[in-house]
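Structure provided below as structure tokens; questions to follow.
Labels run A, B, C, D, E, F, G and H following the written order; every chain starts at residue 1.
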Amino acid sequence: MQEATLRQLLQRFRKGKLSEHQFLQRLKTLPFEDLEIANIDYHRALRKGFPEIIYGEGKSANDVKLIVSKMLKKKLPVVITRVTSEHIAVLKKFSPVQHFEKARISTINYSEPHKRKGKIIVVSAGTSDISVAEEAAVTAELLGSNVERLYDVGVAGIHRLLQRVNIFHNAHCVICVAGMEGALPSVVGGIVSCPVIAVPTSIGYGASFQGIAALLAMLNSCSVGISVVNIDNGFGAGYQAHIINFQSTVVSDD
Amino acid sequence: MQEATLRQLLQRFRKGKLSEHQFLQRLKTLPFEDLEIANIDYHRALRKGFPEIIYGEGKSANDVKLIVSKMLKKKLPVVITRVTSEHIAVLKKFSPVQHFEKARISTINYSEPHKRKGKIIVVSAGTSDISVAEEAAVTAELLGSNVERLYDVGVAGIHRLLQRVNIFHNAHCVICVAGMEGALPSVVGGIVSCPVIAVPTSIGYGASFQGIAALLAMLNSCSVGISVVNIDNGFGAGYQAHIINFQSTVVSDD
Amino acid sequence: MQEATLRQLLQRFRKGKLSEHQFLQRLKTLPFEDLEIANIDYHRALRKGFPEIIYGEGKSANDVKLIVSKMLKKKLPVVITRVTSEHIAVLKKFSPVQHFEKARISTINYSEPHKRKGKIIVVSAGTSDISVAEEAAVTAELLGSNVERLYDVGVAGIHRLLQRVNIFHNAHCVICVAGMEGALPSVVGGIVSCPVIAVPTSIGYGASFQGIAALLAMLNSCSVGISVVNIDNGFGAGYQAHIINFQSTVVSDD
Amino acid sequence: MQEATLRQLLQRFRKGKLSEHQFLQRLKTLPFEDLEIANIDYHRALRKGFPEIIYGEGKSANDVKLIVSKMLKKKLPVVITRVTSEHIAVLKKFSPVQHFEKARISTINYSEPHKRKGKIIVVSAGTSDISVAEEAAVTAELLGSNVERLYDVGVAGIHRLLQRVNIFHNAHCVICVAGMEGALPSVVGGIVSCPVIAVPTSIGYGASFQGIAALLAMLNSCSVGISVVNIDNGFGAGYQAHIINFQSTVVSDD
Amino acid sequence: MQEATLRQLLQRFRKGKLSEHQFLQRLKTLPFEDLEIANIDYHRALRKGFPEIIYGEGKSANDVKLIVSKMLKKKLPVVITRVTSEHIAVLKKFSPVQHFEKARISTINYSEPHKRKGKIIVVSAGTSDISVAEEAAVTAELLGSNVERLYDVGVAGIHRLLQRVNIFHNAHCVICVAGMEGALPSVVGGIVSCPVIAVPTSIGYGASFQGIAALLAMLNSCSVGISVVNIDNGFGAGYQAHIINFQSTVVSDD
Amino acid sequence: MQEATLRQLLQRFRKGKLSEHQFLQRLKTLPFEDLEIANIDYHRALRKGFPEIIYGEGKSANDVKLIVSKMLKKKLPVVITRVTSEHIAVLKKFSPVQHFEKARISTINYSEPHKRKGKIIVVSAGTSDISVAEEAAVTAELLGSNVERLYDVGVAGIHRLLQRVNIFHNAHCVICVAGMEGALPSVVGGIVSCPVIAVPTSIGYGASFQGIAALLAMLNSCSVGISVVNIDNGFGAGYQAHIINFQSTVVSDD
Amino acid sequence: MQEATLRQLLQRFRKGKLSEHQFLQRLKTLPFEDLEIANIDYHRALRKGFPEIIYGEGKSANDVKLIVSKMLKKKLPVVITRVTSEHIAVLKKFSPVQHFEKARISTINYSEPHKRKGKIIVVSAGTSDISVAEEAAVTAELLGSNVERLYDVGVAGIHRLLQRVNIFHNAHCVICVAGMEGALPSVVGGIVSCPVIAVPTSIGYGASFQGIAALLAMLNSCSVGISVVNIDNGFGAGYQAHIINFQSTVVSDD
Amino acid sequence: MQEATLRQLLQRFRKGKLSEHQFLQRLKTLPFEDLEIANIDYHRALRKGFPEIIYGEGKSANDVKLIVSKMLKKKLPVVITRVTSEHIAVLKKFSPVQHFEKARISTINYSEPHKRKGKIIVVSAGTSDISVAEEAAVTAELLGSNVERLYDVGVAGIHRLLQRVNIFHNAHCVICVAGMEGALPSVVGGIVSCPVIAVPTSIGYGASFQGIAALLAMLNSCSVGISVVNIDNGFGAGYQAHIINFQSTVVSDD
């Protein structure tokens, strides 16, 4: 669209209908985006086919209805995180819904990449952390990454983790999900050599302060190779792990 | 002294110089402490011979001089924690000083118990935590406990801890000293069966907030059998570990 | 089980069916845990018979149902803390339930140790703290410790505590439960000679910040011999007090 | 001054040189203060003779020099709190200085009220709190209150306080100074019936957070009759205690 | 009771049935409280007739029922703060209830002192603060103080306060209730000469942090003569204001 | 009214019925406000016609009913922010209600200024911030400012903002509404030359701490020309933007 | 420069040396800024002549030397805030320095606008706040605004402010500087009708937390028309006040 | 070594010198690590040649001397971060030192990988952030990654970033360093498609709280693909970026 406008301007300029000065004036007042898009086009291509994600938490069933309705009209695939049962009831009225219960993620008209690539490990400390862990795992899977899960291996029973240490072999990224004291990423970070994305959860009570204790522990980890996302941000961790995994496998797998 | 007063009152009462009413009146206005001491005497006996501890931090060399001077006049042994080089210069003018450099503890005229008892393990995460760990260890030793040290076994290299796991055998208490993410007590608490006293240190930077991150992690430990003392409170941990160790060994060792 | 495998390997090695190299290879790939267990076996024995504890808070009735169902199939005794009336309704469908109302603890198929040992004192400041105090007391009792309770002896009426000071005689551990300003452990710590486990509670309003005021007060206690657990963590205090009490009495009582 | 202006206006109005309208216009634009002073005059009288207090902390020796110089020119008495040795060196150049070392207060040309009245008790928990306690005590004394001191009676040795409980008899106000866990006001508040002003100090380390722990404890006291001033604000406590004491004694003593 | 025991001991001692040593032994093991009460008796007398206050917040209707039932059996008057409609329903089943709606205080069988004394002013900043202000005012009135109210005079319309400044004349204490920025006590403290008790309220939103903003403002007031109670603690302010007012009027009014 | 009193006094003074002294005495005791109003009259005129705003949040339907009833009796226009559906139900019983749904603002009997003036831009980062943005926008419009909206231009898609940068031309004030990381004002502040009022919202989760993250970001903006209002305070931003806009246009537009 | 490139491209396109496609390709890869500048040019013009401000705090004398050296080579005027004596020593080596001592601002080669416009009032609460107040005032003056100062009018002596209330007449912006409880903006905001920029200062101690108390108070002000800048950010306040004042006067004064 | 011991045991077992029981006993007591190493060997190989990093901050010159002395004796290369001039003086006595001044990193006997691989972009917001940015950049370079720097492109002048947007093409990781409001990662995250590691710095004042404002902003970023390290942790960011970059290039570049 914007390009068409530009071409018209150029034609008019070449034909002498616009002076050089006039052409430059018009150019300067053209909307910004389209030129700017040109510069960053390369990564848009990369993201192509990836659906826009709707963050469901705090949205009313009505909000979700409106957003999904618009997207489906544009033939866009729909992926919603933090879905509630009210959201799902609404979604089902549109179209068949693929629902990942523990991950609280639902999709409509979404086709996963044909073949998942690479290897991401999602480790979680306690059974209560599994919901966030699944949000991370399913996110990465929907984006096209292979994911292996290693749940309930908290540091209070460190042997549970250590006896399965071979699982980390060949992984391109580890997502480490833990609440309470948030110590798991430090232990895992000492064992693996690939990047670790740490996800503090709000699991705990009293001085856990809804995940602050775990967040601080992870930011202060004495292990190297660890970075941290927001409390309960399974989606963010899954997304970043996917792009790390993806760019680590794109050459070898193709 | 107080007892002497009481005996006088009783003599005067028996001799009829004080009526029953007068005696009771006098009794009610006697200083409180001495009667109260009677009730809690049992534990005073236990503590007998244990010196009063001076907390040196923030005290001027002059403050220390005054306090030590008074104690030595009363023939009391002197133990000072958090001593600075200025303090030591002052102390040396009084009497020969026994100084524990890493622990920042000095003593004058202090005789340790003849034979140390039981077994306390002091574990520390990083080399920077050793000062606090030594404060705990030396405190417990001065009080009469056997102490074994296991330093620099942070969770980022968990194998360093695990390969020496036998050290915990027969321990009556473990003191776990760690800064940064404070994860060590959770791992140790999952391995040992005796009580663990966790000591957060102010080692770290940025979001460690001078030990808050470690403190919160320890309070939220998913391992059982752990309790926590104040940031950098090596003395407090050493003291409590000693009384736990002492009462666990008093029967068997005597 | 694991040992059986090892013995088979050794037989095959001795018979020449496995080369030294092959034997070593197999050894290295054996699950980690079982070897590790060997090292820490001593304390497992100690814990034998002690049931796994389920933390009920935040778990749905359905979660509890699933967990308990699995445990009962394995003939494991069940102990749940922070039970709600919904949890109890579920539990009752399985088997007769022993319920401790104030402590919010329920058990199924759980047999307490035949004879309780030693002596733990649970002290609480206000009537609102009793629920946490009971969680501590019942936990220690279920594990096999004698417990005496001294409730509603807050520091605003210090004589209530002092007049019953004899109760602390012969105690191996004191659990001190307080909300609001959390001053009780400091007073108790000045009176007794055994270890004090301080439990801040979330009781209070305004600047109590759900137990932070009490937590900070306890961490900063000017009394020695005190360590602290998380806010409202009656279970943790009861557990640690029990192991302190247990190892202090194991020789003398047997 | 202002009144003179008003009288002129009235004269001119009476003489017809100002219309009613003009008079009202002028009245509305008169400076505010002088009319307002009329309303609150009663309490100014009460404060008469009380010197303006200079808060020395953070002020350079030069700042102090300028302020004091101005005050002395106006024949005003000078009282400075938080004086440093640099301040005192400056002060001595003006005039003889009365210096209260522990309280860090100095005065020039200041005459205390002839006879001190009533009774304030200043209680402090630890030896390190004495500086703040003295600031409170000396402030109240300079203002004209009788003050009795009861220092180093922290709650870790509660008998030290209880044995001297008679001191509180007839007191009109108690100032309670404590750092660390700040528990002293709660105990004192349970013993006395007069108002208690609690002063948290910044004494402590780690999780004392420069007095926050003590501040929170005091705000959450379970004793009634307690209110709190800012951390280390000995002056503020001494001032308020004085006005409470003063108005409680003004009738009976005169 | 205790005194009777003592008299018996004295009789037996005088008759020679107890040696001096035996008498002293018995004395030391007597319960603590009764002797201690002797020392602090003077203030108990002062408080005589004052009912025990029940803090209703967070208590179930059943809790209240039990407590009130016990008190009424002992013929004690009942005063409950922070009553809910559920509490009142329960209370009405016992006896006629006097209810102060805005103050959320109810009484049963409680007779106020015949004649209220002195003068307390309760000032509040906004209409939303009135509930806390009334809690303070009614508390002081029930205890026997005269109270005058000056509501809705926040600093955003400072003239509302200033035009009624005469109300402070002769007051013995001002209670200043404010949420949001908590600036009112600073302004009032600059106007009056009697003590000011500042009460931060949890009124506000966002960065008011449930009253922390107001609390901090009040603790940092640049006016002298101000001390602070916990957030929303109308009762505590009313109580302390009463004892300040009471001791300021006891001589002149009698 | 007050002026009438003054005129009477003046008449009586002129007639000699009041001496100069008597006149001055009377003057000093006149209510404060009315004189004070004289001084600040100029801005009252400016505000004339502007309705008093009722902050609806936390108010019961009954509270609102009472307040509105009083205002309508005085023929005052009514504007309520943060209205709930319960409030609206009550309002509708009085009179026809103009309701701005997204802004959560309702008015009764309120006539907007005939012609809106100047230009304010309201920019918001995410769709969830729109409610606060609308509160700001509608407030400014009701007060008489022209407002243009630019919503959903968060910094994660900076081109959305940049392509519409011309909208800022000629604006007198920009209101920038953002939750989460609150980065939008910094970007906008770098682009525009008029004042920017930043409004942090409570949108976010985990470490957003109900808007604290956004608030801190905005206070620390590296762009100049930015100031900040309380979290979610759309009304405050709209009000201040209006007065900035108004005084920037009052000359040129008239 | 960029425009020259564009003109060349256009010439080559018109001459047929570049196809339309080639032209568009080149256009898309042109640097971003220059086109973008076109869009926002209008405000650059406005800022013309305004020097870049260097924030001196934390910069070494050497850093300042390097930066200033570069600027002077480009014939740019230099304005530095938060200058130290070390900075000034360096500056003096370059060129004559204009130094504003209290404001801690220095300039080199800087010519103020010929005639200052409009009216800004800078109000400060305490003498210790004057440094920040002067930073604000001098900033606004250097930018070309008339500034009047009203210092030391804290709310503890509210009459000092009220008696000079006429100063606010005709002001286009008030800057309100206060530390400690930060109450001044609320009072001022209730008096004036122009925008108020509130500047919290780090003046205070204890629970002022280096300005947090004042910051929170200002964010929660119950007065309307107030927005807030960072703690001690006198420069930011002066800058924003200037642009508010400037756009309010540009029409009327020219 | 450990394997040699095992082989000996096996030989002795095969020869009948050890019974099966004896063999198993010995096996169980063997150090833990060596078996465990077998499992995680794969990643050790990967890290081979990478030097141990010494964190210099807070270490005395003497500490550094001891550590470096030990490492050099073992022929280990030395890399120290946060070196001070005192450290460097010590280092120079050992051996020639390669020093990166802005990055505050020094090395001895360290040989970088022959050829740097891949592409990391280090972006920083302000000139004061460059030290942390350089720590990240030099760390990644020393480990073998190509690094490009893009400094001083804060969001207040967003065009500086946008005009150089092409630099991100083909990058495998972006490190984003910013203090104050920490907004840069959100903008960058919206432009690039590779992972972004955000590094908050302690640059700022007032409500930046030594980097907390920036940390919170980054954790709450509305852009996807971002994770965060501790405040000022340039080393951690450089390390993680390197391993992400390394595994993304290992196939294609070899």
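The rule is simple: a contact is a pair of C-beta atoms (placed from the backbone, for glycine too) under 8 Å apart; a residue touches a chain by one contact, two chains touch by 3 or more.
The structure presented is a predicted model; accordingly, all values stated were derived computationally and were not measured.
Think of each touching pair as a link: the shortest run of links from chain C to chain E has 1 of them. The chain with its Cα centre farthest from the Cα centre of chain A is D. When chain centres are defined as mean Cα coordinates, E lies farthest from chain H. One inter-chain figure worth recording: chain B and chain E are separated by 40 Å, centre to centre, where each centre is the mean of the chain's CA atoms.
Per-chain Cα centroids separate chain E from chain G by 50 Å. In chain G, the residues that reach two or more other chains under the touch definition are 29, 32, 36, 39, 162, 165-166, 191, 206-208, 212, 215, 219-220, 224, 230-231. Taken together, the chains touch in the following pairs: A-B, A-C, A-F, A-G, A-H, B-C, B-D, B-E, B-H, C-D, C-E, C-H, D-E, D-F, D-G, E-F, E-G, F-G, F-H, G-H. Remark: chain D residues 3, 6-7, 10-11, 13-14, 20, 23-24, 27-29, 32, 35-36, 38-39 touch chain F in the complex.
Across the complex, chain F meets chain H through its residues 125-126, 154-158, 162, 180-183, 186-187, 189-191, 204, 206-209, 212-214, 216-224.
Residues of chain A touching chain C in their complex: 128, 159-160, 162-165, 203, 205-208.
Residue ranges on chain F touching chain E, taken from their complex, read 31-34, 36-37, 57-58, 200, 202, 210-212, 215, 230-233. Within the complex formed with chain C, the chain B residues making contact are 36, 39-40, 42-43, 46-47, 53, 162, 165-166, 168-169, 172, 191-195, 197, 215, 219-220, 224-231, 236-237, 239-240, 243-244, 247-248, 251-252.
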